[in-house]
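Next come two complexes, and both contain chain A; in the first it sits with chain B, in the second with chain C.
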Partner chain A sequence: MSDSTPQRNVIALLPEACTSCMVCVRECPSWCISLESHVEAVSEEGARRPRTVNVLDEFTIDYGLCMYCGICIETCPFDALAWRDSFDYSSGDRQGLRQDAVDLSRWWPTGS
Partner chain B sequence: MTQTTAIIDIAADEWVAACTASAARGCDVVDWLTAVDTLESLFVVVHVVDPGSSRSEMLRCELDSERPEIESITSWFPGADWHERETHEMFGIEFLGRSQTNALLMRAGDASSPMRKTAALDARVRTPWPGQESTTGRRRQKLPPGVRAEWTRDE
Partner chain C sequence: MWRLASRPDVAVDVASAGLACCSLEVEAAGQRGLLVASETVPQAAAVTVLVVAGTVTTAVEPALVRLFDEHAQHGPVIIVSFGACATSGGPYWDAPTVRPGIEALFPGQEIASYVPGCPPRPEALVVELERLVDSRIPA
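Moving on, here comes the complex of A and B:
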């Protein structure tokens, strides 16, 4: 393990990479990830029919329930989740430990 | 560095003798004690270590899963006290000859033994599973993983 390997401190989300496949949500043993998405049709030049893509609306991790097992990161088929070293996100109340897609994506650039 | 410790199977009536024999060989500190429920069998397992050499032994004993009970080792290993309490609470195993086995986490009188494979996990049945939604519309999973159909039958 090199020194640059992030510790299990916070989970970062790269929303552009997330396909809303629900794999992490289903595999999480603590049931602390929730996700909402909708389907959009994308027409491409030359394609006979528009392609349908999932568009991520909301992605939340409840750190009050998360046990930092890393299963979500391991199972994501699109590498949209990763550990980051930051741990400065304590909160005085329960709701403050729920991080949405904006909160989670802010961690992404902070580490390796 | 991974170190593997062989598991030694012990008969229930030799449990205390086997544990004290391990102590006589130098492994006289209880690292942990717990139970393992495989649905077919129920075992109590203890890991004892020699703090001087970091040598360790793992002793295991199969119990009657209907009426699980075994002699307590706390008279010889005071460090087993907390582990026996927890194992009693989570797996419903009676440790015989202890002074007291008061509850750690669960409400007094709740004998549901939540770590037994047969125990229905009410909270899991009642909490909406975040994985229920399907983005593809197809192949919607009816029950979350780990929730057995028989738990939900009389809802």
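Moving on, here comes the complex of A and C:
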């Protein structure tokens, strides 16, 4: 459970694991996560009904708003969010604390 | 008032406007020896870094502006927004009695740095202070 222990460092995203289910966005107490996705049809040979899949377009955590409670990590059904160790990402401007999927996924490989 | 332990030769005072739990992290930086009480350093500081640490309510706002003005009378002041409350109002951003960040409180004055965290770690403060001192204040 080390990934679930809040150290007030940074929350990383694994975009491939995210299904755009919106659970984290809705559970976040400080409304700091925003998520955009679209639905794509999946063509499957012999399928009885049309199938669709959610495709993640944008995922942003506003670290100027985040209260580091870790509820998003706890509630993610697909383990697409996890704590990582870095604390050194201050910004000279307010908008610089808004980190998108590319920024957030860079934290992922650094290990917990 | 504090000085940076890692930059003893640079005359910069760190003034903490401790308004909520974030101020405990500033104190923790002192406890760990990363910041030292500035009374121990004889020379007067040329620059003051004002670390706004905590929730800015409408009631406390005038006192914060006054604190800035007092420091500004003695020389240049660098403002650091420390933690989510000072940056955006944090978890209280939608409360009518909480200012959604300090950006609008100091007209004509830039916020030099926003340190993320709720609260940020003491190390995050010290790393950012070192960066500001190294980039903005000639040794």
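The rule we apply is simple: the second predicted complex is superposed on the first by the 103 of 112 C-alpha atoms of A that agree within 3 Å, B and C clash if a C-alpha of one lies under 4 Å from a C-alpha of the other, contacts with A are read in each partner's own complex, and residues count from 1 in each chain.
In this section, contacts are C-beta pairs under 8 Å (C-beta built on N, C-alpha and C of every residue); 3 or more make two chains touch, one makes a residue touch a chain.
Because the structure is predicted, anything quoted here is derived from the model rather than measured.
Counting the residues of chain A that each partner touches, chain B and chain C differ, and the larger count belongs to C. When the shared chain is aligned, no partner comes close enough to touch A:V55: not chain B, not chain C. When the two structures are aligned on the shared chain, A:Y63 is found in touch with chain C, with no touch to chain B. Contacts of A:L35 after superposition: chain B is touched, whereas chain C is not reached. In the overlay built on the shared chain, the residue A:L97 is in contact with chain C alone; chain B does not reach it.
Within the superposed three-chain model, A:R26 lies in touch with chain B and out of touch with chain C [touch as defined at top]. When the two structures are aligned on the shared chain, A:L14 is found in touch with neither chain B nor chain C. The residues of chain A shared by its contacts with chain B and with chain C are 31.
Considering their complex, residues 7-9, 29-31, 62-69, 87-94, 96-97 of chain A touch chain C.
Those residues of chain B lying in contact with chain A across their complex are 127, 129-131, 133-135, 141, 144-145. Interface of chain A with chain B (complex): residues 20-22, 25-26, 28, 31-37, 39, 54. Residues of chain C that touch chain A in their complex: 84, 87-91, 93, 101, 103, 111-121, 123-124, 127-128, 131.
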